[in-house]
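You will see two complexes here that share subunit A, one where it goes with subunit B and one where it goes with subunit C.
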Partner chain A sequence: MRFVVQRDLLIESIQHVMKAISSRVTIPILTGIKIEASKDGIKLTGSDSDISIESFIPKEEDGIINVEEIETGSIVVQAKYFPDIIRKLPLKTVEIVTDDQFQVTILSGGSEFHLNGQDAVEYPQLPVLHTDNSFELKNDLLKELIRQTVFAVSTVETRPILTGVNMRLENDQLDFVATDSHRLASRKIPLSTENDQLDFDNIVIPGKSLAELNKIIDDNEETIMISVTENQILFQTKNLYFLSRLLDGNYPETSRLIPDQSKTTVLTKTKELLQAIDRASLLAKENRNNVVKLQTKANNQLEISSNTPEVGQVTEEVTTDTIEGEELKISFSAKYMIDALKIIQEDRVKIEFTGAMRPFIIRPMDNEQILQLILPVRTY
Partner chain B sequence: MRFVVQRDLLIESIQHVMKAISSRVTIPILTGIKIEASKDGIKLTGSDSDISIESFIPKEEDGIINVEEIETGSIVVQAKYFPDIIRKLPLKTVEIVTDDQFQVTILSGGSEFHLNGQDAVEYPQLPVLHTDNSFELKNDLLKELIRQTVFAVSTVETRPILTGVNMRLENDQLDFVATDSHRLASRKIPLSTENDQLDFDNIVIPGKSLAELNKIIDDNEETIMISVTENQILFQTKNLYFLSRLLDGNYPETSRLIPDQSKTTVLTKTKELLQAIDRASLLAKENRNNVVKLQTKANNQLEISSNTPEVGQVTEEVTTDTIEGEELKISFSAKYMIDALKIIQEDRVKIEFTGAMRPFIIRPMDNEQILQLILPVRTY
Partner chain C sequence: MTRWYPKNGRVIFHVDMNSFYASVEAAYNPDLKGKPLAIAGNPEERRGIIVTSSYEARAKGVKTTMPLWQAKKLCPELIVMRPNFERYRKASSEIFKMMAEITPYVQPVSIDEGYLDITDCHEQGSPLEIAEQLQAKILNELDLPCSIGIAPNKFLAKMASDMKKPMGITVLRKRDLPQKLWPLAIGEMYGVGEKTAEKLNKLDIYTIGDLVGSDLFQLKRVLGINGERLQNRAKGIDSSPVDPDAIYDFKSIGNSETLREDTTDDNVIKPLFRKLSRKVSVRLKRKKVVGQTLQVMIRYDDRKTITRSITQSNFLEEEDEIFSLAYDLFEKHWSGDPIRLLGVTVQSLVEKKEISEQLDLFSYQKETKNEKLIDVMNKLTSKYGKNIFQKSEVQEDRSQPRTSFQKDFLDDYRK
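Let's look at the complex of A and B:
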């Protein structure tokens, strides 16, 4: 194998596939990056068995030459050293050559590296997805769906299914839901697909996979193709192929958790509430669960407070737009509330309570696509 | 005590005094920040016994009101909570009030914090330096002196004196020297002082003190006053008072370490050499001491190389301006060489070797104020 490649493109590809590479894998060769040179360009692969990422550098793109002097072949290089080496090379191009002893030579200006590589034949074959069960989304919309839900997945393995995000397709609506059983985040979008064959209703994508995917895809209006099989999901753009296993098991039915009525409704400025809760939580950090109290007051005032006797106490007054319904005293995790408010871009937020012991709902005002739910903490 | 202060000034003062505060102190009250309100303004103090920092916010400065409604008094607040609280408050001003139970109330907009404080009488009295043994430096020059030497202090406590920077005054020259016994960094400046009383010749300032001081002082041409007593040094600007203990003991005589002749002299581009050594060290990280080899070649070429059999090897060719004298093969710590080259701002650097087993010297070309020395490693 031999080729000369634009170094910045190689760096970008390495960064992409590194998102799938872990030093804690049971198959040692997966600690490496597979590099394949074909007549069309260079393909890099990284995988930890759960996630596999392929990044392709086409030989030529939009009339610009990316890769030259290709002699086809493949190799696996150690991911511990290769990225830093490429990043620090002196020239804008880098030449990579292998010999039949799996030695990799990296050349750029006065730099000459020789690395011990491994035979690419030893690298596990990635599954090739044959399915028409596909639909398309804009990159930026997919990133929103991920960002607005993935933070709410469970981080403990007691109920593994909750470490994933539930993706559902019903009545031309795509719905992402995540819950760790203490809070829930959901985002819906209308999905107009021309694919009559599209057929899945309820899959669970590991939260980690979506978090890594979100780091790789650019925030633009280009299109990403999503294909679903029984146990895998593939996200595919022009030069990127991101494959993740799906989680086994049935995702709990979450719709019945969502109260269909409310007793107290608060409409207020998102950022002001977020900052008040953030401050109130400063003294609650040493509490179990970082709990703050919220209380409705006269004149559309909300009081948020927290008390840690050995440190001190804090009271935050927030002037809301309106408070309607019953008076309320409720306690909840400041962290959950901060997470929920952070992903709301809208200026104003509506919070619907159904009493101190019932879950409450947070939505942006005039936006039914986002719904978040938090279970209160029993303290009063 | 009571006052209303501009929040950004209070934040800046807190950041300054926090540099001296450690959670690992034997005197519990030193985990707090002392706040004193006098008719002239507000003074904050932080200390870990070794370093003490006072930051003053004058009531009025250049016609701008910084502090209002002062009722004099003092308190100690917990440094674990106070900085975050002040930083996150909603308004540009903050009101701080204490009561006779040492309760501290912090008010800003809708926020009201009550913190348990401590009686400021319990806070250790900082020594007041009475000395005329003082001289002045520009801030930016002092920062250079620190930056160009402090990285070379010892980080192990086997010879405590080497954890400090040796400051000497001789023949109207101020000299900073640091060594960990494997490498040495020194920077001299001419010092024209009008103070005939100035009398110290050899003190040792803890490296940690200088590193913290460097973070606090701004990189400008304002003046800092430096006063020295037998066991303390004070750095003083208009509103800042930075006091450090000195290290006990005699600093080793370092001048005899410096070779007065050289057998091989290399003149080359600083950045190019730095980057080549940085790359060569990539594969040397798992070696003892991160060692690379340097070898002179024909046609003014330097070869820098490193070899870790289980990973691979690297060769860097650097085209120098000139190589004069004997041929040379030498091994040294890449880290020490990188540290040394990083602080040289000049385009070109001169390296003087006296054989593979002798210390070598690194200087910027045409700048005799900076001298660095590195001991080679025995590998050939």
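Let's look at the complex of A and C:
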């Protein structure tokens, strides 16, 4: 195998596939990057067997030559050294040559590396998904769906299914839901597709996979193809192939746990509330659960306070647009509230409470697509 | 009176009740006075060992932790009684109340000993007078003997109280150390157990005086930081304060029990876990604390002991939660060999009023059943101030705790 490639393109591809590579894998060869040269270009592969990523560098794109002097072949290089070498090479291009002893020679300007490689035949074959169970989304919309939900997945393995994001398709609505059982984030989008065959409900994508995917795909209006099988999901763009295992098990039914009536409704400016909670939480960091207290007052005032006896106490007054319904005093985690408010782009939010011991709902005003739910904290 | 007190430095008492349980029994029943008396666990069971004994019994060679049959052999006329913890608890509480009348700086160490810092008590008399009055008061009002050590720090006070028993008052000043302290065998030193004594003997340290003169570097190599602490104490240096709250700094609450016979029988094991969990739960509630870590101890028939623990996000307090978690943990780690002893402990405790509990989406509906009550309570609290409500005390557990958990008894002497 031999080729000369634009170094910055190679670096980008390496960064993509590295997202799937872990040093703790059961199959040792998976600690390496597979490189394949074909007449169309160069393909890099990384995998930890949960996530597999392929990144393709086409030989030629929009009339610009990316890869030259291709002699086809393949090799697996050690991911521990290869990325740093490529990043630090002196020239804009790099030449990579292998011999039949699986020796890799890396040439750029005056530098010459010889690296021990492994036979690519040893590298596990990635499953090829044969399915018509596919639909398309715009890159930026998918990123939004991920960003607005994935932060709420559970980070502990006590209920493994909660470490994933639940993806559902119902009545031409695509719904992403994540919860760690203390808060829940949900985002719906309308999805009209010509594909009558499209059929899945209740699949659970590992939160880690989505977080990595979000880092790799560009924030643009190009489309990404999403294919679902029984135990895997594939995200595919022109030059990227991102395959993830799905989580086993049934995602708990959450919709019936979401209150459908409100006893106290607050309408207020998103940013002002966010900043007030952020300040109040400065003193709450010491206490468990990072608790702040919210209290409705007369004249549409909200009082947010926190008291940590060893540190001190803080009171924040927020002037809201309206407060309707019963008086309320409730305690909750400032962190969950900040997480929820941060992903809301709209100027104003509506918060609906149904009592101090029940979950409350945060939505952007006039936008039913986003729903954030937080369970309060009980103080003794 | 100030002339009896040091210009710089402290005056510390260590009050040590003399064969406390036996003395309390004798106070209840004067017929027992002057007779060899021992308090022991259930004689028919394996844990039938001597908990404490009167001086008359000790004179015959009866010792604490000795099996009952052995004690009977040494002293056939020995009177054996089961422990009567309610009595001891009451007596202890009275004693600490008397100490608290002298100074607020009282540090209970166990049910029958405590430290007092009387540095600022010169208006009440010289240290010796205060000690004599306290000793006399405990004897006259409770009919209980004690020994008191008077010294410039806690360690020396502790050593001093040990020097004359029963009914001794011993003053140990720094200038007395070469004659009174240093000739003692190293094993006599408070803080030096059997293992430590062995290690020190290997360094040719046989008396407390040897420890004073030993090489610090070598000591630290063998005993770590504790080596330095011990040497300092031997030199008469101990700056630890008399801390009235030290007794409240408990980090865990646990119960353990030795089985009648070694067993692998689930019909024995499971009920024992149930019982231990209940006891731990009762004690947690009594102390108004909760914890997130649960530890299970398993001792096998070959005395090999393992402990395994699990930490979780919600707080443990209820018997059922403790039981199911403990039993799970046990099943996961039990080797299947016969078991001699089981223990259940809840660790990393925090006071209940300091914590807040994050509600859970999948279980909050369970919590809301008391919602109205809590709502009313909150309204009244904000109207009339904190503490108008106290959860009614849990039913006092009259079962008799084992000796290692005596510290619970000391909670209420200041009430």
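Everything below uses one rule, namely that the second predicted complex is superposed on the first by the 379 of 380 C-alpha atoms of A that agree within 3 Å, B and C clash if a C-alpha of one lies under 4 Å from a C-alpha of the other, contacts with A are read in each partner's own complex, and residues count from 1 in each chain.
Note that a contact is a pair of C-beta atoms (placed from the backbone, for glycine too) under 8 Å apart; a residue touches a chain by one contact, two chains touch by 3 or more.
As the structure is a prediction and not an experimental result, all values here were calculated from the model.
With both structures placed on the common chain, the touch criterion links A:88 to subunit B but leaves subunit C unconnected.
Of the two partner chains, subunit B is the only one touched by A:278; subunit C is not. Using the contact criterion defined above for the overlaid structures, shared-chain residue A:182 touches subunit C, although it does not reach subunit B. In the superposed model, A:230 lies in contact with neither subunit B nor subunit C. By the touch criterion defined above, A:375 reaches subunit C but does not reach subunit B. By the touch criterion defined above, A:318 lies against subunit B but remains apart from subunit C after alignment on the C-alpha atoms of chain A. Touch criterion met: A:355 reaches subunit C, while subunit B stays clear of it. Using the contact criterion defined above for the overlaid structures, shared-chain residue A:201 touches neither subunit B nor subunit C, since it reaches no partner. Subunit B contributes residues 78, 81, 84-85, 88-90, 103-104, 110-116, 272, 275-276, 278-279, 282-283, 310-319 to its touches with subunit A in the complex.
In the complex of the two chains, the subunit A residues touching subunit C come out as 156, 158, 179, 181-184, 252, 254, 257, 287-289, 291, 329, 331, 333, 355-359, 373, 375-380. Interface residues of subunit C facing subunit A in the complex, by the touch rule stated above, are 312-313, 352-353, 355-362, 364-365, 367-368, 371, 374-375, 378.
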